[in-house]
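In structure tokens below, several structures.
Note that chain A is present in both complexes that follow, paired respectively with chain B and with chain C.
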Partner chain A sequence: MMRDHDSKADAKLIRLPRWLTSDHPFPWLFPASAMLIIFGLYPVLYSLWLSMFKRNPATRIETFRPSWNWSKVFADDRVIDAVSITLTYTLIALTIQLVLGLAIALLLDSDRKGFGLLRSLMILPLVVPPAVTGMMFLLMYDGSFGVISHMLYGLGLLSPSTPILAGGTSALWGVIIADVWQWTPFMVLIMLAGLRALPKDPFEAAAIDGATDIQAFFRLTLPMMSKIIALAVLIRGIDLFRIYDYIKVMTDSGPGTATETLTAYAGTIYFKNADFPYASTVALFTLILVVIIANLFIKIFKVRF
Partner chain B sequence: MSFKNYDKQNFIIDTANAFTKRKISKRDFLSKMGIAGIGMSAFATGVLGGARPFRGNMAHAAENNTPEDVANFLREAGKPFAGTTIRYTSEATPPTVVLDTLKAEFTELTGINVEIEIVPLEQVLAKATQDVQGQLGTYDIYYLDQAWTSTFSRDTIDPVQYYKDKPDLAMPGFDFDDFSKPLVEGICEYDNKWVGLPFDIPIFTLMYRKDLLEKHGIAVPKTYDDFTAAVQMITAAEKENGIFGTGCQAKSGHYSLECDWTQAVWGHGGSIFGADKKFSGNDAEGVEGLQWYQEMLRNSPPNSVASTWDGQWQMGASGQIALCQSWAEFFPGWNADDSKVKGLWEMAHPLQGPHSLRGRDDVGFGEIPNWGHQGGSSIALSKYSKNVDAAWLFLQWACSKDIMTRCTLAGGFAPMRNSSYTDPRIVERKDRVGGGTTRHLDTVRWTIDNVMASEPDLPIWAGVANNEIPTELGKLVTGQDYNGDAKACMDQIAKLVDAKVEEADLI
Partner chain C sequence: MHDSTFKLTLRYLVSILIVGIFVFPIAWWGLTSVKPISAVFDKDRIVVFDFEPTLENYRVTVLGYSKRGSKEDGKTLMGTSGNNSYDGRSSIVSSVIVAVGSTLITTIIALLASFGLSRMQFWGSQGYLNWILSQRFLPPVAIIVPLVFIFHDMGLRDTHTGLIIAHTLINIPIAVLLLKSFMDDIPIDIDQAAMIDGATRFQCFWMVILPMVKGGLAATAVLCFIFSWTEFLLSLFLTNSIRTIPVKITTYVTSTGSEWGYISALGTSAILPSFIFILLVQRHLVRGLTMGAIKD
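Moving on to the complex of A and B:
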């Protein structure tokens, strides 16, 4: 009976399609490759194709002029401003998130009672959609009844005659604060994972040798965490470089162009001027910048995956 | 915006005032703000500048007066399309909000379902642009702001022609001649074609707080000079009480700022384009207009530079401003029963400028300089629709005499059809002071018929009016650039706009 059952099972196995039992990598790589081609490669290639056309917004006629939009990008003052704003935004937000993230992770790196709950609570901001976060901060910044504005009035740091999102510099800071509130927990999570994976022996040895906490942090923790930090910076940096949601919701690139990042500008050209080829060119230009900066970072900081 | 949200805003304002006057503790203030923060998504949408203020009363639209022959026509004509779903996307204009509620009546008569997507104006433009670019037919009906009429003219079906071409689908007594002529010309006609049907007419008129003017012995302003003097006097006297002379919709990069600027230029004898089709906002009159606007901003609540029309409406409803030359459709809401300043607002004819108006022969692209800026819109039948006939039935129903009158009754805005002004339901409400009033409609009609101004008609205007002009103006009014120099700002806009016009081969 037993043998009969086994032979039936074997027969079933034999009947499986060949591609499912193949040792060839193609069937296994196909789903992921297909997704990558459809959602990653195709849009980039299509954007590249689109960027080679000059569009007349009045007649909607597109003529093949491969260099038209690219020369326009380098002559467009708003692109140059947007590059500067994007870099400023990325550097400031990244620095704050990194320092805060590491500091909070160090505070939460404990097995004492209640710390597990605290670590879980840290994730909460991450589940809020960025557009909702933007609206939340928009309300809190409101010059007439926003809680943050009123607190700043009370502290004498802001005057009612200059609403936060109406001033060039303050508007950029306003958006960065929303970003920091939402994404610092992401840094905390990565840093915590890194901290908790560190071996205990070097720290015990250092303690026996009389090293202070600060010495242990700078001479052990930071060097051992460097690769984790580099990876976190890379991931968040790329994310920050293509910031769109908060700016669209909170300032719509304003006042003037004070918060206009590259992606926000591409969106404006696309949605307001309907110049799809030029919008694609600005988007591709952003992609090229991200790739260059990310690779430079990987090379300089010797990031290994 | 619902009444519930309006209450929440008042709650927040009252709480903030109580805190600044030290009537409540910081702890109470924060806790009340926390309470108000819950469930405020609708209000947040308003703060985003996406929503046009709707302060109507749906109860006023309840009385269905659809003539029997029209109802029978819809029942018969709709039979082949029963079960079809038609879609259109629109800004939250008062008529759209009302129509969204009344559409069930249409579905009951015809069996045709209607989906209305209500999104902020800039998203309406983005959606329509993508639809026509791909000729997708995702939307059967387009909501078209007057600034976009020329841009989309080739993508719509002329309703007058379609009415003639499809006699079996022609609604009895539809009467195209009943539509206000200036509105047809200003909103939906382009190149001898009706691009759509007139649907909404926000128009600039003067509105003022009679109590504040009486208190300071100020006569109702008739000219820009009178207005400026009154605004400056009230700001000086009432700023300490949180009241400013006027309020603006000067959000950087938003079309609302462009609307304010346009009126300031026309009001000072300037124009957007000259007869040579070159941007003329940087000539002497244009610069004078912008300098006047800068002065108005100095006499406005600081939040003006972060506000669109919704923010400006809130300034009026919360009693923050005394005078305002802006959209007449604010008026019913400012006088609504739950407004903080109910019955205190009055309406007058738009202000007259210090110089004569520029003639239509002296301007380009069909621009009409005048004292009353119109921001009307039309609804149009998409050429790419897969349900053209079903959508056509809906379009006729939505713009029929009874529905348009009921939209006005519920929304409080000006009617598109001349017959609505004499409809007993409208006339009867002229004596009302509070909610549901129609007492402002005579002034609105006079403005439409006599001094209505329209922005230029050129296919790239939607982009220029929503991007280049308000972005550069935003830099000026927020001090990001130009160091307060109106001429420098206008020169830069001239450079950008002329380049766009040239690039589009329009010159």
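Moving on to the complex of A and C:
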């Protein structure tokens, strides 16, 4: 009876090819793949195609000159400056965030009353839109009524004649501080997860052997956390390298080009010069740098997802 | 564990101080939003809390009332765009439409893809995963110029649909990897048991796996919502008249001065929903931020 029923049902159905049934990965992966190909891969290839045109700023005519923009990138002083500013920014911010993140995680890693609330409050900066963060710090840095500026005046670290975002070096630091404020909590969260997952036994054994807390930290905690630290550095490092929001909102690459990162430069070429081929080239150049650095990092530190 | 009272007190104090430093900018921001304009710009009253709290800034930005006093004295208006340029209601609506829309689409697409990646073995699956991961590392700037052209040709420029697609694109990698990590936690035996009982793959997904990843799905959805809610660059390039909150706020800065009261009121309103959401999924937050690489 049963078999009879089944074959009747089968006869009514149109037999789909196997790759269209739910037994095959194709239908499952199709929507995501289509999305990523049309709006992710295709634009990158389109970018590459665009980068092969030379734009004449006066006539606005674009002619096919494959190597024009690429040789321009490597000869452009602003690109070289932007690379060094991007790297400086990334390395300084990353170091501060990592050290602070680890220190704060160690401090807040306690089951005592109140630490849970403190950990929750620590997440707050993460949900603020970066553009809003930029505005917040603009308000606090303001030369005449900014609260941070006033504290610095009081401490004698800053004079009212040079606002924080008006000096070349101090402007970069101003942006870095906003970034550190927003993203140190990210490090804290990841480090806390790492600390919580550490086995207890080695620490008890070390304590019995008379190791100090500092020795235990450098000999046990750090080596056991190395994988998690590498992962956090990779994710954060890539995001830092493509920094755009803070720069755009806070300094708009200024004063002069003192805070012009690679992405900010690409944006400037796009908005101000409307030289789309060259903007694409600089953006692709950024992408290539990210891919090279990230892959080197993954190989060296054996990061796995 | 064996801390003395002194050490413990010190630890509490230092912890509260540091967390306080991190909360301070937001608190300051909230405070600015209820200050009357005169108190914001008065440099003698910066740290003195000597002002009458007012909700005027919220009335103008969130409720869309026109700026008070502007009828009598039109010349005091900053900028040239008139009264209603500080009305943030349309940007709140846009942000909600885009964030909810892209979260829905992202989670549906990512659920399917992550099930395929977690439950099936096929040639090139590791390569496929790497490809998805590499999308996460793509600087939005690298695709923004062609995306503007493509969107223009498809009529998607300056539309909610276009922005939903753009945000879906940047959220898919995170959502797929995260949901895959949640599905990987469910033993494959459960699928096999269901399929021996006659379930098809799809029934297995719909009736067995989906109910089991509900918590992970909620966490993924919240993260997607927040990424879309806070996104700035794509919204800035892809839209002109439709403005999400982060982009709208930056337009309040004009060459003649910044309306800090309005900026902070709209900013505070934008932070509140994300913070409530994120507290709900705090347990899965670390996994979410590392795209499933660190389990909690």
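Definition applied: the second predicted complex is superposed on the first by the 282 of 305 C-alpha atoms of A that agree within 3 Å, B and C clash if a C-alpha of one lies under 4 Å from a C-alpha of the other, contacts with A are read in each partner's own complex, and residues count from 1 in each chain.
We adopt the following convention: a residue touches a chain if its C-beta (ideal position, glycine included) is under 8 Å from a C-beta of that chain, and two chains touch if they have at least 3 such contacts.
Every value quoted in this text rests on a predicted model; they were computed, and no experiment measured them.
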Mind working out whether A:165 is in touch with chain B, chain C, both or neither, as first, second, both or neither? first
Would you check which partner chain A:291 touches, where first means chain B only, second means chain C only, and both and neither mean what they say? second
Looking at A:256, would you say it contacts chain B, chain C, both, or neither? Reply first, second, both or neither. first
Scan A:276 for contacts with chain B and chain C and give back first, second, both or neither. both
Would you sort A:135 into first (chain B), second (chain C), both or neither based on which partner it touches? both
Which of the two partners, first being chain B and second being chain C, lies in contact with A:107: first, second, both, or neither? second
So which one touches more of the residues on chain A, chain B or chain C? C
So in the superposed three-chain picture, is A:144 touching just chain B, just chain C, both, or none of them (first/second/both/neither)? both
Which partner chains sit in contact with A:50 here, chain B, chain C, both or neither? Use first/second/both/neither. second
May I ask you to decide whether A:58 touches chain B, chain C, both, or neither, giving the answer as first, second, both or neither? first
Common ground on chain A, meaning residues reached by chain C in one complex and by chain B in the other: 132, 135-136, 138-139, 144-145, 147, 150, 249, 270, 276
Under the definition above, what is the set of chain B residues touching chain A in their complex? 9, 12-13, 15-16, 19-20, 29-30, 33, 37, 40-41, 43-45, 47-49, 122-123, 125-126, 129, 133, 251-254, 301-303, 305-306, 320, 458-460, 462-463, 466-467, 471-472, 474-481, 500, 503-506
Per the contact definition, I'd like the list of chain A residues that touch chain B in the complex. 56-60, 132, 135-136, 138-139, 142-145, 147, 150, 160-163, 165-168, 249, 252-258, 268-276
For the complex, which residues does chain C have touching chain A? 8, 11-12, 14-16, 18-19, 22-23, 25-26, 28-29, 32, 40-43, 46-47, 108-110, 112-113, 115-117, 120, 122, 125, 128-129, 131-135, 137-147, 149-150, 165-166, 168-169, 172, 176-177, 200-202, 205, 226, 229-233, 236-237, 245-247, 249-250, 253, 258, 260, 263-264, 267, 270-271, 274-275, 277-279, 282, 285-286, 289-294, 296
Interface with chain C, chain A side, in the complex: residues 21-25, 27-29, 31-33, 35-36, 39-40, 42-44, 46-47, 50, 104, 107-108, 110, 112, 114-115, 118, 120-133, 135-140, 144-147, 150, 181, 184-186, 189-190, 192-194, 228, 231-232, 235, 238, 241-242, 244-245, 248-249, 263, 266-267, 270, 276, 279-280, 283-284, 286-287, 290-291, 294, 304-305
